[in-house]
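In this document, chain identifiers A, B, C, D and E correspond to the written order of the chains, with residue numbering beginning at 1 in each.
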Amino acid sequence: MTEKQNSPAGQEKVGVYICHCGSNIAGTINVDEVSEWIKGNPNVEVSRNYEFMCSSTGQELIENDIKEKGLTRVVVASCSPHMHEKTFREATERGGLNPFLFEMANIREHDSWATNNKEAATAKAKALVNAAVERVVHHKPLEKIPVDIDPKTMVVGGGIAGITAALELAEAGHHVYLVEREGTIGGHMAQIDKTFPTLDCSACILTPKMVDVGQNENITLLSYSEVESVDGYIGNFNITVRKKARCVDEELCTSCGICEEKCPQKVVDNNYGAGLSYRKAIYRAFPQAVPGYPVLDKENCTYFQTGKCKVCEKVCPTNAINYEQEDQLLNFNVGNIILATGYDLFDARKIPQYGYGRLPNVFSSLEFERMVNASGPTGGHILLRDGETEPKTIAIVHCVGSRDQNHNEYCSKVCCMYSLKFAHLVHEHLPEAEVYNYYIDMRTPGKGYEEFYHRLLKEGTHFIRGRVAEITDADRKPGEEGKLIVQSENTLLGVQQRNPVDMVILSAGIEARHDSEKVSKLFKMGCDYDGFFNERHPKLAPVSTMTDGIFIAGACQGPKDIPDTVAQGGAAASQVAKLISQGTVMMEPVRASIREDECSGCRICNNLCPYNAIEYDEEKKVSHVVTALCQGCGTCVAACPSGVIDGAHFTNTQILAELEGILWDMPTEMTVMEEV
Amino acid sequence: MSDQFEPVIVGFLCNWCSYRAADLAGTARIKYAPNLRILRVMCSGRVDPQFVLQALLNGADGVLIAGCHPGECHYVNGNIKTLRRFTLLRKTLEQWGIEPERVQLLWASASEGTVLAAAVDRMTEQIRDLGPLRWSQKVLNGNGAAHPVAEEA
Amino acid sequence: MTENGKPKLAMYWASSCGGCEISVLNIHEHILKVDEVFDIAFFPCIADFKVKDVESYPDGYIDVCLFNGAIRNSENEEMAHLLRKKSKVLVAFGSCAYEGSIPALSNLTTKPATLDTVYFDNPSIDNPDRVLPQISSQVPEGNLTLPEFYNTVKSLDQVVDVDYYLPGCPPEPEQIWAVLQVVVGALTEGQPLPPAGAVVGAGTTALCDECTREKREKTIERFYRPYEIQPDPDQCLLEQGIVCLGIATRSGCGALCPSVGMGCRGCYGPPEGVYDQGAKMLSAIASVLDVGDESMEEAELESLIQDAVATIADPSGTFYRFSMAHSILRRVKNGKGAA
Amino acid sequence: MKYGYYPGCSLEKNARAYHVSTMAVAEPLGIEFVEVEDWNCCGATEMMAIEKIPAFALISRNLALAAKQNGSTNLVAPCSACYLNLKKADHYLAEDKGLRAKVDTALEAGGLSYQPGTINVQHLLETIAVDIGYDAVEERVVKPLYSLRVAPYYGCLVPRPATMQSFDDPEHPTSLDKILQRLGATVIDYPLKAQCCGGHMTQISEDTALELIRRLLKNAADCEADMIATLCPMCQLNLDAYQDAVNAHFGTDYQIPIVYFTQLMGLAFGIPAKELGFGKEFVSAQPALDKITEEAPKPVRTRGRGKQKAELPMPTQLEER
Amino acid sequence: MTHTLTSRPSTLLDQVIAETPGKAINLKTCLQCGTCSGSCPSGPDMDFTPRAIFSMLEAGMDEKVLKSNTPWFCVSCYYCMVRCPQEIPITDIMYTLKRRAIEAGYYHNPSKEKAPEFSETFCDFVENYGRSFELGIAMRYHLRYHPVGAMKMATGMGRKMLSKGRMDVTPTRIKNITQLKSILTKAKELGGQE
């Protein structure tokens, strides 16, 4: 095979370092061969291979060669740049070179780990390394771009995750805008009765924090509000929030609650009440709501529907009711954003064979939470749908909508534990009742969780290993009449069982918010197939996102229990606090720029930029790039028909050199054949 | 290597989704055809059709452009522009007798290592069936050396 | 320098239409100046010369050779080599010599297909014996030869080194005159010549620079053939859905076509900094196709874009009308493609 | 509208009533059925158990014939088993290249060929519910089936055609319910509407079969159904012909007529009972039919519960897909 | 008795996956949740529940699987298939197991399983006439394998059917039976290659 050198010999002094990564690379790729071979490239001054380039010794190799051998460029062939590009750029810089005079060849993830064919892997490694060398020769020194961080932060979502994050930051002395879609903060945790495994009362531990939020002057609470648009970038986000009209003047309202009391219109509370209780058309989700002002629900308000009533206005002692109130669009500048938008409960009606919505005494887990809650519709009594009868036998069905390719493939993580909690609460409220937990696998990892399981075993809960096949009211034989029959296989016995019970609780799984995709687009960040927001790194950056300055906490990132959620809220807050105390961040100089003198002003590029970073100068009749806004995607560079837009660090020369380098072994010399 | 024709495929993968998908495929030790040689671009929207043509001229048997799924683009909609260009480019290449299998566009999110690996295997097979392209050798045969694409001043 | 001491000028047509010669003569009275300064050494269009005359010249005898026309057959190529040898300065004159131009559109098909069309499948042809021209054929009088017809049309610089490129189909007379003045200046007053390999007689930026039509942000929902709509006289044609290659074409002609409501065809070739005019044009207008957005289902998105793209009848013929031979891939894959 | 028609073996004889009633209602509904020339048995549930390729080849012959026969690309099968087999074959041939290659060669041996996807296999219920539509059905009604309490019985294969998407819900189909409602009948929310009738178990293990049949009869009786409306010959046969066997075996006394939904449609359309194949059933439908009244009955809550004050709200039903 | 795991569990498992159209590969992802067995109408009468069968396949207890009545008791109601959280084409797998059992000749045991005979009788008729023929099938099947049943048939069901004119006395043959036969013969050859 002929070797093609497409960059003038000796133009640069490149040092090439090939990492063994133990046997991860060296096990498949013949590193000696590659590092020997690349010496053939005229620009290569030094070529070494070493066991662990990311080790301090490995990095010193680079630093020393730069100093001693006067290297002008550095190439490291090892893992993915997403792992160690930063590491080696810093090493290059310590050696005295501009960090951008470095290039990385990914011969681990993209090569040694992707094939067992050693010969092919080695050949591919040569191509990748050669490409990096050819590319790096054309690298230009670049300076990172400093960006000031606005110390204010926006937290979206007022559940326990958002509350925690907001308080952490506020108490650190930073201002926070907390945006909550509903009339009150609190989220799902406010609906729950007890928390596993310690069984402390959810409200008792949550409400104090809610009050703190309400009182902390560093927190601007925007309840009944939603983010409308997001512009800008880390340090300088500009956010528009729609503050929905609640038809109550917050200045005047004293939260006395008379309007709610007198309102004649009763509607099912599908939100906080999980559909199991009623609320008024003007209402507070619950007495400890923060803020305390009620919300007028126009869809169900008699006045808004029929034009008559106005009872609330009449009874309000402070004339706080304002039917004419309109939505407000508020604008905020913040440096960072924390998304804590939480989750939706899986809709059990999607599994008709479980009869939810058809069979009265099949309840969803949230319904049960409300029912067993002292502040709930039954005052904490466990009753059938008729509101009178106490069930004697109760079946709790795990994995409803979870671990199911037809719905959600993933495990919702919390259902096993809350199902155990339910069983316990039943034993507590109805000592006589029999409880059957139907599970596929009992998943209780967590401090004190397995112990809680054992406790339930002692309490006499029946555990049946088997996913429930169907729940029916069609009795087959005596003893089944008027019951709900839970049919399943007892997989440990290998027999089909029918179990007549009075009540069934469906432990529905956790789902991403129905509108999470919309939200992720609004904030220009990714969400996964299931709709959960993507973290930057599953292990090492769990609360960061691919978008600098935007962080995620709680169940919006994936199913989580309260302790994990609170931990993430804190983590996200400290990430933000770190940036705030840094004051500025250095941003990648990968940016586009237009050579105005050569721009013909055709305006092709003008509306290609999603960040509106390209402006047209009516005077000069040319376009130019607002560097601070540019995110460096390079779409305009590829589109510019006169090729006058440069994409720093991804210039045509660099990419084309890389291209020729990567195809070094392809015959391009023309073999003169007979013309057709 | 075996006597069977091993296509060389150049891949332009976007930094945020498809390149990470390839990383994930590796991390998960998914084995797939070693025929893909990957170049990283920040966004599939950076892929200038000139690059694709140049890759073919330089001897590639196929070119894979991979980006985030529509709606998941890290740069909001760079991949939409990619799709528009690709659609027009493919129409042009078809006029030039270049089989559609040789230049493909793939959406692979950062979590879709398997998708990427499968796509590479499929494409490798398809191109193996089509046989080598080796443009300058087999098509231009003796029409003078390749012109590099001129670079901005 | 020779007898009368005048520098020697040559102009030759390879595969071309003769338009270049006309446009040289179109410099009007300046032609007298040309005659005054130069001694015509070879100019088949206006004076009777034979190849053997040229062959008889010593190497480098011709000071400036304006070579127009593409390299379509072996004769074109031989002449290119001959004139290169005999000339000090060889100028690829006009789009054909520069980048293949119209003759190179046959790179979108193949030699057999071309011959078919020309000699067999053609309403005006009656060729029952399916006679094809032969490179050499024996007749009683002896052996007759014809040049070999190539499969691929090439630009001049693909067969010999070229000193300057003078684009245009044809080049604008004033541009020609401007260039000749430079050359004359160089030869008479020893003024500097532009750097070798430069494109002369044209601007560096894209045509939009010269185009007076009003330009706005580009959003195009579909394209129209010129006959399909009545374009607004003042607004950018591209924005109105008329394919105008101006954005990817070198300025220099004064935006003639757009000024009369016809989209630029791209005869001046790509602007400085662009190699493949067609690819760039394609990239640019596809990018601003205003159909489909990220909120759509992938299938819907794709079909919408398909439909919009379908409104461009013949991408290759449109985007590569003048630059096929000089494009990155230069031609279609043999035996395939738009025959 | 023109439709290809695949009766299947059962409709030739034992389910003749289904065939004649289908033909009887086709005309008023504006359906023209073109029977597939020289069709053969679909193999029921048996062929697949013996040899895979022959089983698929057997079915594919019908698809090939239907495709060849110019008429409609829609092929209607009233028999659930035939419907499933035809639909499934078409589906798997498209999905499984290896299988398709083999079946193609087999068909060639008979000078036939079939391109998967050319034929759109429909069950008669789908044709009427989706293509014709409930309104069109209601428009034809001249003698509403007032006061007749009918249990709609779908069986397995129509709501659950293997891995393929059905036009109705696999667990709680409603299309037949809606049709019967439009006919004026009192439709029972029949919990076992999509459960199994025992299929071929009558031949293999009668005990098993009889129990399956009993469940269906019992549940229908519990719901005070006057009759069960079916859309599958096998279901009809098992529930009808084996009803006395069930009574004998379990000491019960069910007398629930099992009729085809097309027969009821015919009645409501004013077609005389004898032209609809009534009388072929073992458990006579006559007593039930006598209950039909001129006037619409007073609305009665079907399986509903009186609303006590303490009662907790019910979650709303998921809106129709 | 203890079952010793063979090195690589089931050869049958792989064959089943290979021979079953559709996403049979999902069989490897079985969670052993028991949804199939809980849903199965005839589950109570099976030697092993479908879930157990899959577990046995995994364990390489191939013979036990093929000797079991489970596949024969499958009524093809497809409940398992629509409910399976891993989208395993269970019913189709049961068909494959039936074919395997026949090949292995494992089903002619004196037990109550009559299914294979029934299937075979049925198919004989279909192959020779192109149509099924209840009376013939029932009579031949019972006479050949279950004389007692034959009596019942003749006196009971059979007479009923005939009396209602719901059963033919003579079989119908399709016109182009030769075509069908050549198709099936070819199909059998090809099938043999599996």
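For this structure, a couple of remarks:
Everything that follows uses one rule, which is that a contact is a pair of C-beta atoms (placed from the backbone, for glycine too) under 8 Å apart; a residue touches a chain by one contact, two chains touch by 3 or more.
None of these values were measured; they are calculated from a predicted model.
Considering the contact criterion stated above, the chains in touch with chain A and with chain D alike are E.
If you average the Cα atoms of chain D and of chain E, the two centres end up 23 Å apart. A separation of 55 Å divides the Cα centre of chain A from that of chain C. The centroid of the Cα atoms in chain C and the matching centroid in chain E are 74 Å apart. For the pair chain B and chain E, the distance between C-alpha centroids works out to 48 Å. Counting partner chains per residue, chain D has residues 171 touching two or more of them. Shown for chain B are the residues that touch two or more other chains, namely 48-50, 54, 57, 71, 76-77, 81, 85, 140, 143-144, 148-153.
Chain E has residues 79, 87 in contact with two or more other chains.
Counting only pairs that meet the touch rule, the chains in contact are A-B, A-C, A-D, A-E, B-C, D-E. Across the complex, chain E meets chain A through its residues 31-40, 43-44, 48-49, 51-52, 79, 83, 85-87.
Interface residues of chain C, counted against chain B in their complex, comprise 108, 152, 154, 158-159, 272-276, 278-280, 282-283, 285-287, 289, 291-296, 298, 301-302, 305-306, 308-309, 312, 314-316, 319, 326-338. Across the interface of their complex, chain A is touched by residues 110-112, 148, 150-152, 204-209, 215-219, 236, 238, 246-248, 251, 271-274, 280-281, 283-285, 287-288, 294-295, 334-335 of chain C.
The touching residues of chain D, when paired with chain E in their complex, are 9, 12-16, 38-41, 43-54, 56-58, 61, 92, 95-96, 99, 102-103, 105-112, 156-157, 160-163, 170-171, 195-196, 198-201, 203-205, 207-208, 212, 241, 280, 282. Residues of chain A touching chain B in their complex: 6, 80-82, 106, 108-111, 113-117, 119-121, 123-124, 127-128, 131, 517, 521, 524, 526-529, 534, 546-547, 590, 595, 598, 608, 610, 631-635, 637-639, 643-644, 646-647, 650-653, 655-656, 658-660, 662-663, 665-673, 675.
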